[in-house]
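Note that the chains take the letters A, B and C in the order they are written out, and that residue 1 is the start of every chain.
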């Protein structure tokens, strides 16, 4: 019976071309080229696994003698993260309405603000810290500024996108009563996205504290410089202590901000 | 007489607002000495910063540097790409192990999630520092550092994406006798794919930015030239590097938001026939 | 021999709900069986037990003489196709792949990880698609089809596995009347021509009269009617849909009155 039916089976339409194998092999080829160009040999990783294990075993006896100093540095890192985040929030708060397509007073302002935020985002915070350190001197303040400028780009973009997603009717209602630009944003814009804003800001705070831990590498304060120094002197025991303190703090903060964010939802 | 009040029952600002504002202000005050905040230095040093940035534009860029710059920038992009691909390959199975609805054993899922949290807790540069002192200078420790952090992020986001897929099609496939892996590859993977791609693009974006500074600790890419240009005030190179980074990061950003838009909005039509 | 048989089948969910109480049934090949019953009477639970999507608390299910167990689940499911109220297609895959999913139980994991199938599987899927009249939609994404078309793809998916039984849990509850008759007609035709036993949960007594060979009435997890559709008088329908507990509204009214 089945074969009988087979004879007058209606033909399938032509099969569309499946481009996935093509793209996958292109990507594979590209990766192979990259590995060759970067001169990476995974064999060394395979052959040298004993050396690598030995290397990581050097971190197994952390030395907490200088713990108070490290904790103080971690505190400094956290302060940097906080100041950076507040700065970012202020900048983003002021710029975002101009970068929201549906609110911006004119396309010029819109494009200009967007590009400005984009530029801030594109400049890595380490680069900004390097520049600010060489013009302002060593210390945590340039670090905080660098974090603030870089993450303002992110916050500004996220805020603007949230403002764009607010129902059109809410802005229209404000237009209808004759509200001005700033009134529209204050009474329809921000209240509608308050929750998202808080979430983003907490996330950025988290991120800034995490990144703040490396700004010390370029002289911008915080715990990074201590890590750099201990590793340069091959003091693995102290480096291990530093890493543990960093990790502990970051994980606790991560849990905390996760908790607050889930409370908000 | 002017009698102002807030539109709340008691006429005072909403409690959530002023408590938060006060709390943040207090924290800022307490931490001000920690960041060595000083308005005076800020104002006076602002001058120096403007001067510093101004000097970049006063010099002719060093055109002969461009070929070397291009090579280093290429290396940067290669590091980011390779690390992203490696991290994706590692994170896919981890994501399935960590997702509550896909994991074979819940305790395995919890362990994977904790390991992922550990991997992403420390920034790339710290891992780079560790890997450089383990296997020496060069782009390889950079690739490893970025891979490690990306696995931390992707494993977690892949798992999150899997946990929110509708259960109906999963049951539909299982009801036809599909095996464990078959259910995952035919019902779960396709449904989570748009989210996977979204995550992948965000991570790629982030990795390009992270790769630009790896050179600071000797882990390859443009970062090494960048630090030197700033340390030795080579403004004629610095301007090229900064504009180059800006251009590259922006291009990748545009590309990934275009693809993301295609996958999320245009995807239905495109993949349909 | 009965194609599906159960003995003293009971199901109690983890939260304590007793969904089925000692159901013993024997369903024949080539019969169209309709299960009727009020909401919560255990219809879905019964079908899900037939397919091993739930495990019984007591009693057992045999498909074609094999007792369903954890070990042979995959093997037995080859014989049992399932059609769902909400279709449960994988929307992002095209129609052909969705139908090929019916072949997975016969294939190893290695090829299916790469979404590769044999020529033979394609022929079977093609045939199933032609059977439900959707061959021309083979390469369209499943979520672009109308509800009725999606349900037909669901039936094709079940057909592709060459089953002895097709279970259908409210297959037409999300469809309009015209599409509903189309889908039920298709199931009936499959039942007749291929000798496949079809077991469908329905909420519509008139469809039941039209399509069923045998009707099983469930109430509170017990079989209280098992006969030909001709015997389904209004009176007996009333007993099937009878509710024990008082409706919520009256109890509320009583409460309110007690305080008056």
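A few comments on the model shown:
One rule holds in what follows: a residue touches a chain if its C-beta (ideal position, glycine included) is under 8 Å from a C-beta of that chain, and two chains touch if they have at least 3 such contacts.
Because the structure is predicted, anything quoted here is derived from the model rather than measured.
The set of chains in contact with chain A as well as chain C comprises B.
The chain pair with the larger count of C-beta pairs in contact, out of A-B and B-C, is A-B. Work out the mean CA point of chain B and of chain C, and you get 47 Å between them. Inter-chain spacing, taken between the CA centroids of chain A and chain B, is 5 Å.
Residues of chain A in contact with at least two other chains: 16. Shared contact sites, meaning residues of chain B that touch two or more other chains, fall at 273. Looking at chain C, one finds that residues 139 touch two or more other chains.
For chain C in complex with chain B, the touching residues are 51, 53, 73-78, 81-82, 84, 86-94, 97, 101-102, 104-105, 107, 109, 112-113, 115, 139-141, 143-144, 154, 157-158, 161. The residues of chain C lying in touch with chain A in their complex are 96, 123, 126-127, 129-131, 135-136, 138-139, 193-194. Residues of chain A that touch chain B in their complex: 16, 27, 30-31, 34-35, 37-40, 44-45, 48, 52, 55-56, 75-76, 78-80, 82-83, 86, 118-119, 121-124, 126-127, 130-132, 134-137, 139-141, 143-144, 210-211, 213-214, 217-218, 221, 224, 227-228, 231, 234, 243, 246-247, 250-251, 254. Across the complex, chain A is touched by residues 24, 27-28, 31, 34-38, 41-42, 45, 48-49, 51-53, 74-75, 78-79, 81-82, 85, 117-118, 121-123, 125-126, 129-130, 133-135, 138-140, 143, 209-210, 212-213, 216-217, 220, 223, 226-227, 230-231, 233, 242, 245-246, 249-250, 253, 273 of chain B. Listed in rising order, the residues of chain A touching chain C in the complex are 1-2, 5-6, 9-13, 15-16.
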